[in-house]
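Order of writing sets the labels: A, B, C and D. Residues in every chain begin at 1.
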Amino acid sequence: MSKKKIFNDPVYGFIGVPYGILFDLIEHPYFQRLRRIKQVGLTHYVYPGALHTRFHHALGALHLMHEAIEVLRSKDVEITEKEAEAVNIAILLHDIGHGPFSHALENLLIKIHHEDLSILFMEELNEIFEGKLSMAIQIFKNEYPKPFLYQLVSGQLDMDRLDYLNRDSFFTGVSEGVIGYDRIIKMLDVRDGNLVVEEKGIYSIEKFLIARRLMYWQVYLHKTVLAAEQMLIKAVKRIKELHEMGKPLILSPALSYFFNQSLTSQDFKNSRKQVLDQFAKLDDVDVIMALKDNLENEDLVLSFLAKSIINRELFKIELKNIPFERDYIQKMRQKLTNEIGPMGNELEHLIFGGTESNNEYSILKDEIRILFKNGKTVPMSEASDREIHSKIITKYYLCYPKIIC
Amino acid sequence: MSKKKIFNDPVYGFIGVPYGILFDLIEHPYFQRLRRIKQVGLTHYVYPGALHTRFHHALGALHLMHEAIEVLRSKDVEITEKEAEAVNIAILLHDIGHGPFSHALENLLIKIHHEDLSILFMEELNEIFEGKLSMAIQIFKNEYPKPFLYQLVSGQLDMDRLDYLNRDSFFTGVSEGVIGYDRIIKMLDVRDGNLVVEEKGIYSIEKFLIARRLMYWQVYLHKTVLAAEQMLIKAVKRIKELHEMGKPLILSPALSYFFNQSLTSQDFKNSRKQVLDQFAKLDDVDVIMALKDNLENEDLVLSFLAKSIINRELFKIELKNIPFERDYIQKMRQKLTNEIGPMGNELEHLIFGGTESNNEYSILKDEIRILFKNGKTVPMSEASDREIHSKIITKYYLCYPKIIC
Amino acid sequence: MSKKKIFNDPVYGFIGVPYGILFDLIEHPYFQRLRRIKQVGLTHYVYPGALHTRFHHALGALHLMHEAIEVLRSKDVEITEKEAEAVNIAILLHDIGHGPFSHALENLLIKIHHEDLSILFMEELNEIFEGKLSMAIQIFKNEYPKPFLYQLVSGQLDMDRLDYLNRDSFFTGVSEGVIGYDRIIKMLDVRDGNLVVEEKGIYSIEKFLIARRLMYWQVYLHKTVLAAEQMLIKAVKRIKELHEMGKPLILSPALSYFFNQSLTSQDFKNSRKQVLDQFAKLDDVDVIMALKDNLENEDLVLSFLAKSIINRELFKIELKNIPFERDYIQKMRQKLTNEIGPMGNELEHLIFGGTESNNEYSILKDEIRILFKNGKTVPMSEASDREIHSKIITKYYLCYPKIIC
Amino acid sequence: MSKKKIFNDPVYGFIGVPYGILFDLIEHPYFQRLRRIKQVGLTHYVYPGALHTRFHHALGALHLMHEAIEVLRSKDVEITEKEAEAVNIAILLHDIGHGPFSHALENLLIKIHHEDLSILFMEELNEIFEGKLSMAIQIFKNEYPKPFLYQLVSGQLDMDRLDYLNRDSFFTGVSEGVIGYDRIIKMLDVRDGNLVVEEKGIYSIEKFLIARRLMYWQVYLHKTVLAAEQMLIKAVKRIKELHEMGKPLILSPALSYFFNQSLTSQDFKNSRKQVLDQFAKLDDVDVIMALKDNLENEDLVLSFLAKSIINRELFKIELKNIPFERDYIQKMRQKLTNEIGPMGNELEHLIFGGTESNNEYSILKDEIRILFKNGKTVPMSEASDREIHSKIITKYYLCYPKIIC
């Protein structure tokens, strides 16, 4: 009989997980919680298939890691059994620190970065599993002597990225994001302890860079998705304000807990288990329920935002290459006041602007390195016959209810 | 510029919806609510990709209907513009009456069948849209003179079924359920007002019947899915009991509303708009939140069930071809009592049995009819060189917590 | 750098072949010749994508064998490195004895079965490769002590069959033939030296049996394919007759060689290398060229058949469940005589009948065995809740030129 | 019953062709001949699945044209029934003038460009079909008043290109070439009589341009494909030389015909039917057979090249950014002379160089135009936030037998 638990996955067919520590980690409530955190937040408002979760993504990244290890070993890269397990654990748990709606609400609920939270979860689990995660934590923190193991978890071509591009592309149906992940993995190798890509894979890499860029503009930074997420942020901010003002609100116990106290990074460290247990109760459901429960809240801003999000009556979003003029914003505010009555600062929750940029996706700090047949490695930007960095583009947006269009 | 709204769909690529009544119906909060009702409930506990919603399914079925109309018209079947719109509306709204977790909780929250609720929603929308849904309602109730239109919405080969088999197969990753939906649709024709299938399509139909059967055993009646759904039913029953006993509970306003009053079919008719508005607030989120909010409830049965579902610590399920013996059940109950302390009738929420059967899927009341080149039509069972009815199989199951395994 | 040669394959993505004996065998002209033998003969006249070759199929079967070995080893089935190589060689070369248009022309050009020819080729290659194929030949002849190795090459669930169903389905575009090959392979195990399938795979096996049956009726025994192949047989027979009568013909040297002498199985054994070298020069190209070169042949039967095949003016084919009546056939012959002038026995090349049957695909001599969790194995027919043998069906056909329709 | 003939196609599922002129053209021997001309010549020596033919490609392009017409009409672009038929005919026949191995042998067998031959074929068919192709010919020559119809057949985004990128990508298995053809088609519109793309499609266009570029480097200009094709050219040149010298050769009648006379464009016009009928007998089979029939030819150059191609013992190819030095080439020639004996000019058939360039694919004469929401159209290079022209790259290659490596 099989020694593996097999998960069906529409993306890769099957994902096999050996019984043992990896399977036990998946079974743990801390990890099961990721079943209730969508990978791409409200993106399904634009791409209705994009309901996949961080749970599924973590399994997918684990699957790719398994393939990568096999490929590297076949090229005589030494990876011990223990290291293989550790790097598998590291990729499985790389996103375990994500809260509800991941990036969007990251700084609103708690003041701690999700990667730091992932480390705290790993450390807690390391206690539960009696030290079996120590090497995985070392790798995750890039403190392990073989840097390519870290690079497989977090680098220009890590298994995280290969899976999420692939998976997001699959579930959104945006074929522009399809990447030749299997070919890329087959071309991986290690030189001087670092991950490199064989020369033959250069076009796959180029395609990968383009696909990533197209996914940003077509999915991750899609203007309607942006509008929906900004509305969600405003709604949660308003809930927080009302909570602080002691106004009536219906909130889940877990949500109340985090609004009642401003936990710092230090609090997480001092009372790790207690705080993590609370945090582990939070997921997308609490946030959506908070909107649904407050559809009729007496605060006009909150009920307006909640209804708009729940019924998908999304705000209009305008995009420009230069900042919006003060006068124009003022005019729109006046229009809205005329429409729904005078408001104070709350107006800023209903008409708001900001910038979006592909900045962080354009600059490749640690460039992918290409391995030529003569044994030399060269950074991708030199190896390609094409300009691979795309311009950094910043766009200014302004969001407001459609009733004043 | 396009006169259509285009939805990305990983299953069919794109789904185009013309601006007009169909698009307006999709925008209505009654319909948007289907975004929060999963097509196959807790199936994602076994197949993690199966998070797709009734919203997406309804769009998919609409897409197939559009193709079917085009095929039939190309074969000189008369379908007027008005009829095409009506049958499109009927398929779009066919599932609008589904409540949270669809079939599983159907009789627990309200005593009315989801199809009747769909009709009530359509009638309400017909008022809002000033009579534009009248013909769609006629078709949906099979009161329209061209029976094939009804059969496209609800029959052996309706667009509902073609889409859900296809979509469920896609998102679960169970390739056994893949059907040649495009070929089947291309083979449709009408004779004497009824839908028939051209002879050339006979193997596709056979494959379709098999695929449906395999999907039942591998997905819809999968034993772990069955266990999860039965646990959910027990949990909601327990919530209802506790609510009736006046015990402390955290529930969403919408859920409370339906537990506070036992609404009959008559109530829905008498105060249609008011009750539908309440019902439209209910979805999967309320139910999952009710479990999360009561994880620490002082009632042991509820907190035990809630934790087990939320953390996916699913009950063991045994399946047999004959009923379980009373003694065996008694023994298991004793074991559980020893484990978690003495209980009364509540025990029945933690150890429970029942039967499952592929009954309803085996008997084809209205058989698919095959159209031969000589112009004659013959029922599928005569046209095929193969026994197409599968045996009706009934299995007995017993569910209990794994702590007593 | 990779130690594998990687082939792109639209079916599986990539097929890796380790450098060494397997790669050297692929490079050998005997094997390269399979690039010019289509897997499914004239099927592309009905399914235009079906141009794939025995070369590609052999690589695909090799790929699946690699996966099967990995799965079995993960379940503690012992397969030594030498055995793995041998079974890989056996599957790679299983079809090397196929001549042009495989089954269709098998008995016309030479009087020896393609499997016996495969063995002769293997023996010749074994000399060239200094004995490295000995164990592969033992396995191929089922003379090796571990019968499951033979069953992986030639059995109810061999890698040959899994690949050809999959590949033929892919290139024809007949989705009815899609099988869950990866799931089936993941469910393989060995008990008492024989290949078995884990209980969980039972539905995949059922789907596989159905898919195979549908592929027979929709592809392999498709009536138009049947007509085309019978026409090809008649044309080659006519070429042979004319050649024996010393009539003028344009033929390739290799084709002439085999028409000049009626080689027996014994001849192949006596002068193996010489005859194989000649045989290895024969492929689909010789046959198609023979038709093209004789389009204007003075023999009316040959030129008529050649033109009909090359220009795809396929004969009409009638199918019935009972034999055609003598009178009817006589009438059609008269009609054809009226149309193209009086003929003698040659008429039998232009109006001809026969039977087709799914016989060989219905009877499962060596039944697939299912392995239950309790460790028992049971034949598929007992394990399934469904009648799995389909009726044996024999159909009578009559073929004739469309000019007399 | 269906009024359409349906072809199975693994790329699009089904291709429907209405009975009538289009179907009759497909049935004509001139068109059926395309079944024996591979779309991408010897590319299958590198990508074994790439055996698809110009026949299949023409059907695919027809399918896309059908979709494009439907999309444009839905946006109120006027296309009459007669125009729709004409543009369908034009795309169906756009490649009918291709000879064996298309581009590779184009100037060797006849001195006329394949597009001019396509026009001659269309004119001949126009006579046979009594003038029904006149408008199609006008469109094909860009002499019809609605230029967008010509652009659909031959332009930056024509259905030819969309199909071949898609199809070549599918059959090679090179996922880097996958394009969102359905999305691109859905975004087409017409302004001032010219084809434009809606703003929303800009990323799909960008992806399309990249995919095309990647396909050139990974498939069309793949170095091993290049080596194989150059070897084929040399072999055919050698056959021609030997034929002119009156040396013994086995050639098909059709091949002899074209080697016996150097037909000019004028000859084709003067005796159109006669020459086209001869040309229509030529296809890939004649060329491959010529190699097979002359494997033992007494001319060493020919037999060496023929064996090398047939057994896939491809020449080594070196690629550099600067020309190879005279000395180096001289040295390699000497080596080869040492190996196989002294030769005269024939040596140039066995050691040869040249250049390859992506030139023709980099310069976009007629730029794709993007239609913005404000109604303005802008060329792609201005609309995109990215440099879209890739550098023109020229590489020098040198080919020689591996025996001197």
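Here are some notes:
We adopt the following convention: contacts are C-beta pairs under 8 Å (C-beta built on N, C-alpha and C of every residue); 3 or more make two chains touch, one makes a residue touch a chain.
All values derive from a computational prediction rather than experimental measurement.
Relative to the C-alpha centre of chain A, the farthest chain centre belongs to C.
Same interface as A-D, judged by over half of the contact pairs sharing residue numbers, among the pairs B-D, B-C or A-C: B-C.
Remark: chain A and chain C have CA centroids separated by 50 Å (rounded to whole angstrom). Taking the mean of the C-alpha atoms as each chain's centre, chain A and chain B sit 31 Å apart. Between chain B and chain C the centroid-to-centroid distance comes to 44 Å (mean Cα coordinates, whole Å). Shared interface positions of chain B, defined as residues touching 2 or more other chains, are 13-14, 183. Of all the residues in chain A, the ones that touch chain C in their complex are 1-4, 6, 13-14, 16, 74-75, 182-183, 186, 189, 198, 371, 373.
Listed in rising order, the residues of chain A touching chain B in the complex are 7-11, 13-14, 27, 29, 32, 35-36, 44, 46-49, 51-53, 55-56, 59, 170-174, 250, 252-254, 281, 285-286, 288-289, 292-293, 295, 310-312. For chain C in complex with chain B, the residues that touch the partner chain are 175-176, 178-180, 183, 203-204, 206-207, 210-211, 214, 217-218, 385-387, 390-391, 393.
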